[in-house]
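Here chain A shows up in two complexes: once beside chain B, once beside chain C.
For the complex of A and B:
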């Protein structure tokens, strides 16, 4: 468990602010204890200080993961969020997309959200804003990037992409072996 | 008769003196004749052990030794030089070593490589048939030098070499270099086996061509060897710094930085919050795209409101007909099925 370098911390926070904006502060500044980000094999884990201290007793070679995996750094040093981060992103996300029950399965299979499947969208969503995708019953099922603004969505044709797929909870089954 | 009796008496006396060779035991002993070992698993007689310890132990050990010897006598005997000899079977009891197991000799670098690649040593003949000399010449050692001298009484100077070079001298220097290299490698192997750290000698200078990596390393080192550690040196397009094991250390000014100590949780949190603030503040205050989209959105809302307001006065506009140009959502012509307006003059063919 390494501490993240300043450069990497910056990349991580920039990515997180795309999804939850200023609420990233709430992840660091928690009343129920200090939480921090740690890195292992290019994967970033969100872990409480208390748990981290326990995890440090394990030999580094034997430790596979501790805490919640937020994502990983690619070889080109970009950060990619994993679906495991959804529990922390979903409650804080200011921009959301709700998909119709008929389009839920499509999204969970890794497809983009298209206009015909769009149920609701947060007002004034800018273009390329990170959004959390919810079902109509307000259950978060993944996240993506808005391909169009809310205004543009109104006039888009039914097959136009509204949000680019980034991660969905179907990955828990589809890529079970790579999620840690 | 007297003599016979006497002899018998003597024999009897003798027999009394010696104890019988048969021993009675409750449980049979376990034998390992190979290492002349017998295990007595019978219980000790505690009463006699306490009362007459020495005598009891003495008799017990005699009996057991007798049993062991009986076993030895069962083996086939040989007679060598007036002595009866027994060949003992291999021992079955595993005895612990007195000394630790000797460690295997550490492999040299070449042996390690050969092992990894599966290269096995081929046996070569000590001597070889030489076509030129028409005789058997040893591969090395005694008479090799003489044969070589006889063979190389004249060495041709190749075309690409300076004609004034002494080829004999060149050959000799090559040989000494080879010997020196071998010696160095031998010492390196010893150092490796003893895990002694030897300092890097820099880039090896070879008489022949240097490899691309060696050249790249040399270039990188040379470039950094200025007073300003190569900071102001020009760079070639697509030039890459040499990389690899141990190269970083020989480049001047590239000493490894000491790691910063781990911050305390509080300090780390502060750092993170500061970093986050700087990121959040850096974002542009006016997002052009957002502003434009907001403007468009407002416009659309305004227009839809207008439309709503205009709806009741729709009829009035219809009367004017051609005048409303912005009305994109005009009704589709009904192709003769609609109601006709007899007051209107000949509408003519529909043009689309």
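For the complex of A and C:
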């Protein structure tokens, strides 16, 4: 567990801002103790300082995970958010997409959200904005990037992609091994 | 839990046939056919009157006929029979009156024995007279069996009583009250009865008498038939012990099952049902072999199971181990509530119910149209598939918020996430597992379920005290042979042997000691260790706990579960600490959950007492030797261990009585620590 380099911190926060906007600071300034981002084998963990101190007693070789894994840095030094970050992203995300029950399964198998499966979309969603995908019963099931603005969606073709798939909770089953 | 119990009393399912279902009327029996007419209804006034009239008419009719017959008979008799004393009188009388009081006197010598049914006086009796010949034979039977008479009197008496009331003229002491009457009949001598009967008979119609007689006869027949039947049953039930040849030749499974059932019956009442010259051992051996064949267990495991359960319970256990337990899910209280989840799943076409009153988060799934492990709710972490028995250790552990808790063998994280949910993501949870591949499952489950207060690490549990100590609570769900979850993994039936069990409980002991060492006795809220296994073998459960009780400053406390059976205090030659009663066992056949064992320990001092050498130690050492491939030496050492343990039993109990803080010092004390460390080092190398 090491502290993120300044460059990587910047990359991470840029990425997070795409999804949760200014709410990023809520992740840092929390009423219930201080939380921090730590890096281990290119993976970024979000963990409370108190737990971090305890976790540091465990030797790095034996430490599998601590706190919540947000994602990992690729070899090209880009940050990729994992589905495991959904716990923190979903409540803070200002822009959301709701998918119809018929389209839930499609999305959970890694497909993009298409117009016919679109249930609702937040007003004024800009193009290429990071969005959280919910079911109609408000269960977050993943996140992605809006392919069109809300206005464009109205007149889109039924098969047009509304949001690009990035991560979905089906990955817990599909790729359990690569989550950490 | 698995059964569809009434969890909510409000929703009552309609019972019985539907509105349009046709129902066959109850059969109607003639009054005379129903035997249990002890409480005959009182006749109404009109009915009485009618009955009296009817009776009168009948008797008159019968009388006429009889007179006619009698006249003929008497004529014949007069010619034939010449009685020594009364012949003159009777013949005269009969000629004149047919059948009178004098006649009765004449009849008496013949009827003396027939106390009950003989009718002394009235004209109405004449109707009976005709069937005398037949009646005699029955009466003789009755004389032979006074006991038979006794229990019929109850009904007779009632009849008499009614008729008495009807006429209102008979007034005897015996018949003051109905109940006293009956008692008198049952207990008193024959003569009294005959008196009563005489009284009663006055008011009986001939047809009634005939009916009574017939009933008597029927009862007698039935009794005899019953006796005969019982004799037959007894004869059939004597189970013939199969010969050597029969045992040699394999038979069909049906036959084996039948033989198992027979032997179980014999064993249940051994002294009366056994075959002469056969010992109990022979029967149990036969049963053992048959059970192994039928349920495809290996002999070793079956033998162990037979030592744990009595025969009847064993059969239930084996049957229950064949069928899978119901699928249960645990609501993740971090993300949703049980009611919301149940509603969401019902909407998806899942048929479910709460698991029982004892759990607020469990749901039983009866049937589902969708894969229950892949619904969006599952993926969103609203629930986890978890056996009902897995709730128990966590409930026993009773985690509190802001505590530091360790789950030593956590994979795949079901129980650990339950702990986190109860702690509401506060405090710190260490989830450890020795298998690195399986820790991935913990990571996946924790993230899915939204557990954020956890550290997941990969240590051998035995080394954990070296890493971090001072936990408020420790859960040790130790690896075991899995004899409680045979339904889940049938390979257990054949793959486990003595060696496996030894290896298991040896590891369990070390893990439990490590778990106790990790725990902080001075914790203000905790200091508890919960030990659980999914095995039902006492070697892996009570014995391990007993071992820890002697070596660490811990005591057993109630597990806080209001069901389950008590742990063993005695098992074969072992005598465990009496407080092992506080542990709980769960069986598939009694609780419809996987076989499970839960023990809750409270640590009262962080001091590790100096170990004492006793039979447990020696056995573990023997086992260490065993693990090195020396097959022959192994058996010997096992035998030695058994002998030693038998010899040292009384000594062991003394140890228990003495204060656990102050261990009796042995001369070999100084050497021991080294010896104890040895095996551990060996393990770590592996």
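Here is the rule we use: the second predicted complex is superposed on the first by the 180 of 180 C-alpha atoms of A that agree within 3 Å, B and C clash if a C-alpha of one lies under 4 Å from a C-alpha of the other, contacts with A are read in each partner's own complex, and residues count from 1 in each chain.
Operating definition for what follows: contacts are C-beta pairs under 8 Å (C-beta built on N, C-alpha and C of every residue); 3 or more make two chains touch, one makes a residue touch a chain.
The model shown is predicted, which means the values in this text are computed figures rather than measured ones.
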Superposed partners chain B and chain C on chain A - clash or fit: fit
Comparing chain C with chain B, which touches more residues belonging to chain A? C
If we overlay the two complexes on their shared chain A, which of chain B and chain C does A:81 touch? Say first, second, both or neither. neither
Would you check which partner chain A:152 touches, where first means chain B only, second means chain C only, and both and neither mean what they say? first
Once the structures are superposed on A, label A:124 by its partner contacts, choosing first (chain B), second (chain C), both or neither. first
So, A:22: does it touch chain B (first), chain C (second), both, or neither? first
Min C-alpha distance chain B to chain C after superposition on A, in Å, is 16
Interfacial residue positions of chain A with respect to chain C in the complex: 46, 48, 50-51, 54-55, 57-59, 62-69, 83-84, 87, 104, 108, 135, 137, 139-141, 169-170, 172-173, 176-177, 179-180
Along chain C, where are the residues that touch chain A in the complex? 344, 373-374, 376-377, 379-382, 404, 428, 430, 436, 439-444, 446-448, 450, 452-459, 467-468
Within the complex, which stretch of chain B touches chain A? 262-263, 265-266, 268-269, 272-273, 275-276, 279-280, 283, 287, 289-290, 293-294, 296-297, 300
In their shared complex, chain B is touched by residues of chain A numbered 3, 6, 9-10, 13-14, 17, 21-22, 24-25, 28-29, 34, 36-37, 49, 124, 126-127, 149-152, 154
